[in-house]
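Should a chain be cited, it is by its letter among A, B, C and D, assigned in written order, with residues numbered from 1 in that chain.
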Amino acid sequence: MDRLRQIIEESDTTAGRVFDLSIQALIVLSLITFSIETLPDLSPVTQKWLRWIEVGTVFIFTLEYIARFIVAERKVAFVTSFFGVIDLLSILPFYISTGVDLRSIRAFRMLRLFRIFKLVRYSKAIRRFHRALLIAREELILYLFVTFILLYLASVGIYYFEHQAQPETFASVFHSLWWAVATLTTVGYGDVYPVTVGGRVFTFGVLLVGLGVVSVPAGLVASALSKARELEDKEGKDRPILTEESHGNG
Amino acid sequence: MDRLRQIIEESDTTAGRVFDLSIQALIVLSLITFSIETLPDLSPVTQKWLRWIEVGTVFIFTLEYIARFIVAERKVAFVTSFFGVIDLLSILPFYISTGVDLRSIRAFRMLRLFRIFKLVRYSKAIRRFHRALLIAREELILYLFVTFILLYLASVGIYYFEHQAQPETFASVFHSLWWAVATLTTVGYGDVYPVTVGGRVFTFGVLLVGLGVVSVPAGLVASALSKARELEDKEGKDRPILTEESHGNG
Amino acid sequence: MDRLRQIIEESDTTAGRVFDLSIQALIVLSLITFSIETLPDLSPVTQKWLRWIEVGTVFIFTLEYIARFIVAERKVAFVTSFFGVIDLLSILPFYISTGVDLRSIRAFRMLRLFRIFKLVRYSKAIRRFHRALLIAREELILYLFVTFILLYLASVGIYYFEHQAQPETFASVFHSLWWAVATLTTVGYGDVYPVTVGGRVFTFGVLLVGLGVVSVPAGLVASALSKARELEDKEGKDRPILTEESHGNG
Amino acid sequence: MDRLRQIIEESDTTAGRVFDLSIQALIVLSLITFSIETLPDLSPVTQKWLRWIEVGTVFIFTLEYIARFIVAERKVAFVTSFFGVIDLLSILPFYISTGVDLRSIRAFRMLRLFRIFKLVRYSKAIRRFHRALLIAREELILYLFVTFILLYLASVGIYYFEHQAQPETFASVFHSLWWAVATLTTVGYGDVYPVTVGGRVFTFGVLLVGLGVVSVPAGLVASALSKARELEDKEGKDRPILTEESHGNG
């Protein structure tokens, strides 16, 4: 029992590491088959194969869920925890869709996507990213606030400049918002763009301000990531250094 | 009277906080209705609803303006202050448009957008953003200067390369400026682009220089924002640290 | 004579500052008229006005050139200096184009653009930008080198993937280079893009690497700019601090 | 023999520097002729010239390979080293394609591109870039991981929103992935874009998150590059400083 718990909940031992990697590989396989199923004109043979992979995947995920439930010390806490819910959501759609009629399968199938969050459990990297987001949280919220105001003002502005010239494309402020998003993120699909002189001058002004706003979060996250790494390095080193210092003091 | 002033002008107390959040919610509601009004083919029922929301919003904003005027210690200073003017501009269009004939309403309606600046009053985040802009002010002006020169040179250059091949799109230096804006900001709508070999090689050169110029302000603002946060943290900590130090010295 | 030199060569006095700003305003005016001349369908009245502004501008620039020549202590050094040559190139095209026949005017007219470099003389900001470029010089050259290799490999790669499917657009490696430039700078005009599965997967890979390379110089310049400002601040403060320190030591 | 080794393997002497630069120039020439060969409708004269340049280039590269083999102290180590293999791959296609029939030439010709890696041998700059990548390695892998998850979720999401409205463009999750790549990198060719309200709102959300993720690596590489430069400067200065300090201590 303790052995099983060690394998499932920790990744220090070889067996635990193999278990983690196997589940991760299975998640990726599951996501790939999910994608392949959306391809049009699949041959019956392929569809049968995909079905078998799906059955196998769900079977193993079910075993994993049961095993996690058994080794969990506090059963209720596990079932209601974030990963407990995700693990259940990963297998539930399969069982429900085989029970009920075929038409509602489509909607449930999408729930299988929740499996991607299972990947997070094993990922050390995500933790650092999460930490970086915490460091730059205030700035990122600030940026979001400024971005929303900027997008709104840009939408209203372009609506007044372009509405008469292109009544279809810039039909309302909401239609203009699509232009504002595509422009300020510099994606620029080319499906909507200003044609009047006023609209173009306005676009110029908006971009001049916008470039100094919209690309800022990337810089914030980048510097927060390096700060998060520094903090991790510090935590790892802190104790020995303190020991050395106490030696020096003693 | 003092109680009212506390609620309106400060946000330390619960009542003051509720007041602030209510006004903010009202501003956002007002902006949303403003946007919905631009939608084509609105039903008469919706239009009536929008009208009532508008009347209610202006009524509350008017009360707010009067209350602020009453509690203000220096009446003239309030009326002529930035937020005093904004508050007045937020309600004035409504009263003027009901007094005069209907045709001029459209132009006045846009003035209602000034309400968005009312949001700034309550926003602590905007203050930090403002501070960051002050820190990076010189660099941002420098960037603006270099950007303008670059845009101008790019426009003239592409005009000479593409004018003959595409006399409509690159009709003058001003027409070429639109291309320069869309290209150097990397938006690239795809409505104007060079087709000659010379124009393409020139575009390559311009982008090579331009990418090192146009995206710089984002980096400047990002680093200024972290500096602004550091300064805030320092100001918050400064006094206790000094006290501790004076204790240590004493 | 000394008074004149002070006005022309320095900008500490009020007269010197007025002189500098007047010349700058004239340069900007000259660039604007240059742009307006490219507009199609100009009325004869406008053309006459533009001509008069051009004559006036060149007249003042000629006076400035003569004045600078007179006050210069080393005449030859001035004439062969960067700004001496630029000042001459700004007025020469006018005199040559009035002497010779009309057909060659067009080519010479473009030389008037050199006036933009006259702006640099007065700009303190450009000096900091220049300093920042010096600090990040090595990294920028490195980036240029990597960018060129990346662009070349991307061009050859996409040529092999897309040549058969789109023999017109991806006719040769040079044609593919245009796609590589538009894609890696994320401009994406939409006039050339891959359509084969191989070409799209390749584009994905190139962008994954490219985004980590092409946007780097902006970050380099941004950090170099703040470093340049720090250095300037240091130079301004250095002496008084040293004095204080020597006081403390004495 | 020692003299030859010095010229080929080191670049301290004038002869060694000339040798290095000549080989580099030859590589660039070889890459240019490679590109020119892909141009359609080449005249027989040009083709003959290109052929002669190719023969000359391979001849010199063969001499270089033999020379490097002769001066190498450990022959086997050289042949199996990265640059040994690259050097061989640069000349091998030529010899094989002249021995066998003409049809397989095309595939082999592409192998000549490996010559670009020969450039790396001489480049000091690449070493710093390599160092910067090592510093930011963990963060870059993290970014890659997050980017892949984001791209996948974006693809599945847009597939559900747009599949019915545009069954051709968003035919499967894999087709949607192309949209996700073009959008999140902000290239935005304009060949695929959402048209439904749901798809556009989803795109907005994805871009809001995506901009904070996809442009991060550039910031990471930029800061790693400056750190790499600092480390280089430190290594260069370390010894004299230590000496000075030991003087001070002595």
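One rule holds in what follows: a contact is a pair of C-beta atoms (placed from the backbone, for glycine too) under 8 Å apart; a residue touches a chain by one contact, two chains touch by 3 or more.
Bear in mind the structure is a predicted one, so any value in this text is a computation, not a measurement.
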Going from chain B to chain D via touching chains takes a minimum number of steps equal to 1
Of A-C and B-C, the pair with more C-beta contacts is B-C
For the copies chain A and chain D, the interface residues, called same if over half of the numbers are used by both and different if under half, are different
Copy-to-copy rotation (chain C on chain D, CA atoms, range 0 to 180, rounded to a multiple of 5 degrees) logged as 90
Chain B and chain C have mean C-alpha positions lying a whole-number Å distance apart equal to 30
Note: chain C sits from chain A at a C-alpha centroid distance in Å of 42
For chain C, residue numbers touching 2 or more other chains are 186-190, 214-215, 218-220, 223
Touching chain B in the complex, chain C uses residues 31, 34-35, 38-40, 110, 113, 116, 119, 123, 125-126, 128-129, 140, 144, 147, 177-178, 181-182, 185-191, 214-215, 217-223, 225-226, 229
Touching chain C in the complex, chain A uses residues 186, 188-190, 219
Per the touch rule, the chain C residues reaching chain D in their complex are 138-139, 141-142, 145-146, 149, 152-153, 155-156, 159-160, 163, 171-174, 183, 186-190, 193, 200, 203-204, 207-208, 211-216, 218-220, 223
